[in-house]
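Please go over the structures that come below.
Next come two complexes built around chain A: one with chain B, the other with chain C.
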Partner chain A sequence: MSGPSTYQPQSRFLQWLEKRLPIGGLIHSSFVTYPTPRNLNYWWTFGGILSFMLGVQIITGIVLAMHYTPHVDMAFNSVEGIMRDVNYGWLLRYVHANGASMFFLAAYIHMFRGMYYGSYKEPREVLWILGVILLLLMIATGFMGYVLVWGQMSFWAATVITNLFSAIPGVGEAIVTWLWGGYAVGNPTLNRFYSLHYLLPFVIAGVVVLHVWALHVVGQNNPAGIEPRSGKDTVPFTPYATVKDSFMLACFCIVFAWFVFYVPNFLGHADNYIPANPAVTPSEIVPEWYYLPFYAILRSIPNKLLGVIALFSSIAILAFLPWLDTSRVRSARYRPLYRQFFWLFVIASVGLGWLGSKPPEGIYVIISRIFTFYYFAYFLIILPLLGIFEKTRPLPNSISESVLGEMGPRGA
Partner chain B sequence: MKRAILALTVLGATVAVAAPASAQLSEQVPPPRQSWSFAGPFGRYDEAQLQRGFKIYKEVCSNCHSMNLLSFRNLADAGGPGFSEAQVEALAATYKIKDLDDSGQPTERAGRPADRFPAPFPNEAAAKAANGGTAPPDMSTLAKARTYQRGFPWFIFDIFTQYQEQGPDYIHAILTGYKEAPKGFPLPPNGHYNEYFPGHAIAMPPPLQDGQVTFDDGAPNKLNDEARDVAAFLMWAAEPHLVQRKRVGFQVMIFLIVFAGLLYFTKKKVWHEVEKPRELAHGQDPAKTSI
Partner chain C sequence: MTTVSSAAHTRRDFLYIATAAVGAVGAAATLVPLISQMNPDASTIAAGAPVEIDLAPIADGQIIKVFWRSKPIFIFHRTKKEIDEAKNVDVNSLPDPATDAERTKPGHEQWLVVIGICTHLGCIPLAHQGEYDGWFCPCHGSQYDTAGRIRKGPAPKNLYLPPYAFLSDTKIRIG
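And then the complex of A and B:
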């Protein structure tokens, strides 16, 4: 996708195929000769990790679907049947459940990296927006997957989250009834969630293709935040990026395997091992950890409608980031003030995650409000103004100069 | 490499900080930690303990609690209580199972290993009516469905220490936690005071006493021993493949660590060409250096 292909098929069959469908050349130019900036650090390996996780989730999910029964009377027991009676069913299910967490973990790191190095800036706006769409799709898919287990937390999370739409004035109740397919969360709800949970990962895969396409058109950003100027600034994707991504992927899999094999229920909730019971409300309804920051934003606002608006805005606002950040310098390396506000933003986001798991009372509400205010102020006040007032450090002339500069007497 | 380690540390910490502390009602007394044979990366169930636990379940718990997801045959599964198939067949035959005969009429027959454990009550309403309005919970997943709040920062350490036995600890604590209610405690009718139950008023009367169940292997049968044995049994009932999971996990870990190590050195070798300027910057001749 970057210039005419230099691909020379070796075998006669591939030469024959290349004249008819140049798929070999496409793969070659996208994943072999594709030039990547030579200064990419390990934070750039999470894109590959995310593709891997999507594959893991789709493969384990398809096999799990062969054994799962989407019916309110049988769903919980069919999941337990997978855990008990399907060969290596416990492995499939724990990989899939913890895989969702690892997927979100990698996505959040990937996003924070993009924010730190200004990867969303011109000409990568569309690439970034496609990423925000992917996040939205992941949130929807993860939520519906969690409901399929049909434990207590599944049922009550479904009830709470779908009820958010009832805050819409006038048509809210009608929308909720339409979402449920009835007057309460029940069998029609479970069935449609199952259908959509199977559909959305393929939509995600499609948007990932667009995301990678957009990436290969504009090229990767890099820690220096300047475009490659010559061949000295880049290295071919294979073997350089391939082997670096593979190493980090293996390290990531160690963390993943630790959760799957040693603490598989750590990230889950004990109440979800109790079958769904519409007559008994759990003492506390807590979403999965990856939704907690958004949940905290929702609860920090006393008005239900405004809370729901804040919840959706907190994700939607990301799509406007390329235009909210007015600075022309991309990388936080050369933006001393931005860097501090960025780390405060990380603290606020992780802090909101912790607060989302706490009861909405007392000091927790106050801190949630401060963090929520900062979350939005970061996008709407700090970033637009910072671009005007911040005195940035001088940019290096080229990527290779920045690499050499790092290796000077000051050390890397 | 330093960066990779840093990245992994941050990664772990992010999961840890963002992870929810499992919620339970406030003012819950944390159960005392027990030592379990199935804890840790090499944990295994103790067959004799599971057999004793099963005896307690059979003689005491099963009078009120169902265990719908388990079959008799599970008792002979690998990594479980280690009963022989002949023992399981003989045991199953002592149960009466409701079935239909060839003409479609309800009948009772002797149990077979493939049968599920029969429930003590025909339905939930009957279970409620016989137990003062509260149906005893099914025991199939009970040990994973009960926990207590660990709180910050302990829940982060639990990732690394692999503390996953909150359920059995809690069950053991409940079974041994019955006490006289403190003066002035508003105990509802049919309620029993239990130190470790959230809110302290539990509907279940104290199910076990010292010496209530006599074990075939002559193991001690004080209340504390019985509570431990039955909690271990319930953990197996909830997670029957735990032993296999930890064994496979160790193999996977060995593979991944070796594989990551090989990839690290491959990466170093491949990138050496690109990183030669590093030597230049330090006044060395790149051609004369090696990784």
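And then the complex of A and C:
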């Protein structure tokens, strides 16, 4: 999208540097003059928020690692030491723990926005798939970080999640032993999870670079779901997107700070303040809230192998979304039927999250099965057929027309 | 500068293929230690040696929990009623069919020795709970009977049997 750089370094040093490493020009063309559609709304600010959250998690995580001990006899106490003894340790840990929740919250909003406005459609398939890979990496990283605390929920989450692989016929048990480095979750498991929990955020950062790169090749989608056709349809990234992103980030940080300072344990589970005990399973095992929809899908299927397949499929299916949605119209604004199915999908996803926290019995199981069916039917039945049968509304001729009406710009 | 026809085989082609072949074998060989290091190490395996358990103090109807290879092992001293319950079941109606005799040692029917890990996703079931007087798993609701067989819930298999032998009437060795 961005043409030849118009960057003119002012200082002698920057001119000298630009001839040797044109990094100033890269930043200038990517984040200053980069053209963004003029009709972007606040749902487009969550990419920036996610980048910020990744930074928060890496910085607080590196600091926490200076005080944490990855050993089964010391891990829990070292976390309590961070909470009680380390200067501002309580703050750093609460920011890190609630930061994970905020990270997932922003990611889910970001994904729902992409689905509502059809941001995954041609030519943004690779951009979308990189996003699905980022989600998978986030899930793995968040899970392993939760285990490090080595409370009861940590230990039994590690046991249940690693046991998912025992469902694989034949080699399942061998794979689980290999993952554990022993005959049960133990010290080798904790050690390797610590190593990988430190590594994966940097892998995420690398994939984020690819994600942003892919974004800057194809350009942003927008609420109208049509490509910019002229200079009237776009505005420069700075100041327009910069200030919009920054404002929303500040609002998001207020919510974040409210959790950290007022209800830091609201999103956690009290049982994780009990040290891990390999001899006793807590009476109810619940994952962190951001995994609950997938957990509900696992539990709604009364067969171990099929349940595990459904769990992994519910994430993997997202990668095929660009081809499952057969409609040529991107934005739900111009797809009256799609819009209704989309909101039902949101209700099913959030509902599965609620059901994942309930005991797997009675009416909860029945509703879980209905929502799980809808979750998969949305991708495999509704979206492919809707593209054929839906009568879409007429698209505007241009982004500026969709914003300013058919009269065209009136001194915008 | 001479141009070489792509069809002709040159010494460079040979070097290219030979280097790639050696490189591929080398890369595969490098994976062996990188993957193998994650399996249980020597000390973990050594700590998994057999353990001997004295059964004398275990009262009728009592279930004790011991650890072997970091896994909880349930040792269940079954009462006459509990043995009968396990025997009076139509084996073919079970999700994972097994007779009570297959789950115990001949002459020691009062002793049930099973690995105390739910075959669903690895939680530890609670003893003397559920509808079948055996175990109930708090995680996802699997229920086991007095022979440790799965009767209800998402677990696919009966509780696994560890390798064990009776050294005398009141002593077993697990492992």
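Just so it is clear, the second predicted complex is superposed on the first by the 404 of 412 C-alpha atoms of A that agree within 3 Å, B and C clash if a C-alpha of one lies under 4 Å from a C-alpha of the other, contacts with A are read in each partner's own complex, and residues count from 1 in each chain.
To be clear about the criterion, contacts are C-beta pairs under 8 Å (C-beta built on N, C-alpha and C of every residue); 3 or more make two chains touch, one makes a residue touch a chain.
Given the structure is predicted, the values throughout are model-derived calculations rather than measurements.
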Handout entry: Larger contact residue set on chain A - chain B or chain C
Key = B
Practice task
State whether A:299 touches chain B only (first), chain C only (second), both chains, or neither.
Solution key: second
Problem - chain B versus chain C as contact partner of A:260, first or second or both or neither - result: first
Problem - First (chain B), second (chain C), both or neither touched by A:137 - result: neither
Practice task
For A:283, select first, second, both or neither according to whether it touches chain B, chain C, the two together, or no partner.
Solution key: both
Handout entry: First, second, both or neither for A:247, with chain B first and chain C second
Key = first
Exercise for the section: Would you check which partner chain A:395 touches, where first means chain B only, second means chain C only, and both and neither mean what they say? Expected result: neither
Exercise for the section: Would you sort A:218 into first (chain B), second (chain C), both or neither based on which partner it touches? Expected result: neither
Practice task
Report for A:403: first if it touches chain B alone, second if chain C alone, otherwise both or neither.
Solution key: first
Handout entry: Common interface positions of chain A, toward chain B and toward chain C
Key = 282-284
Completion exercise
Interface with chain C, chain A side, in the complex: residues 156, 159-160, 162-164, 166, 177-184, 186, 188, 192, 278-285, 299, 302-305, 307, 360-361
Handout entry: Residues of chain C touching chain A in the complex
Key = 35, 38-41, 44, 48, 65, 67, 69-72, 119-126, 137-141, 154-156
Handout entry: Of all residues in chain B, those that touch chain A in their complex
Key = 3-4, 7-8, 10-12, 14-15, 17-26, 41, 68-69, 74, 137-138, 140-141, 144-147, 152, 158-159, 162, 164, 166-167, 198, 238, 240-241, 244-246, 248-250, 252-253, 256-257, 259-260, 263-264, 266-267, 270-271, 274, 277-278, 281-282
Handout entry: Contacting residues of chain A [partner chain B, same complex]
Key = 38, 41-43, 77, 80-81, 83-84, 90-91, 94, 101, 105, 108-109, 235, 239-240, 243-244, 246-248, 250-255, 257-267, 269-271, 273-275, 282-284, 286, 288-290, 292-293, 350, 353-354, 356-357, 359, 400, 403-404, 407-408, 412
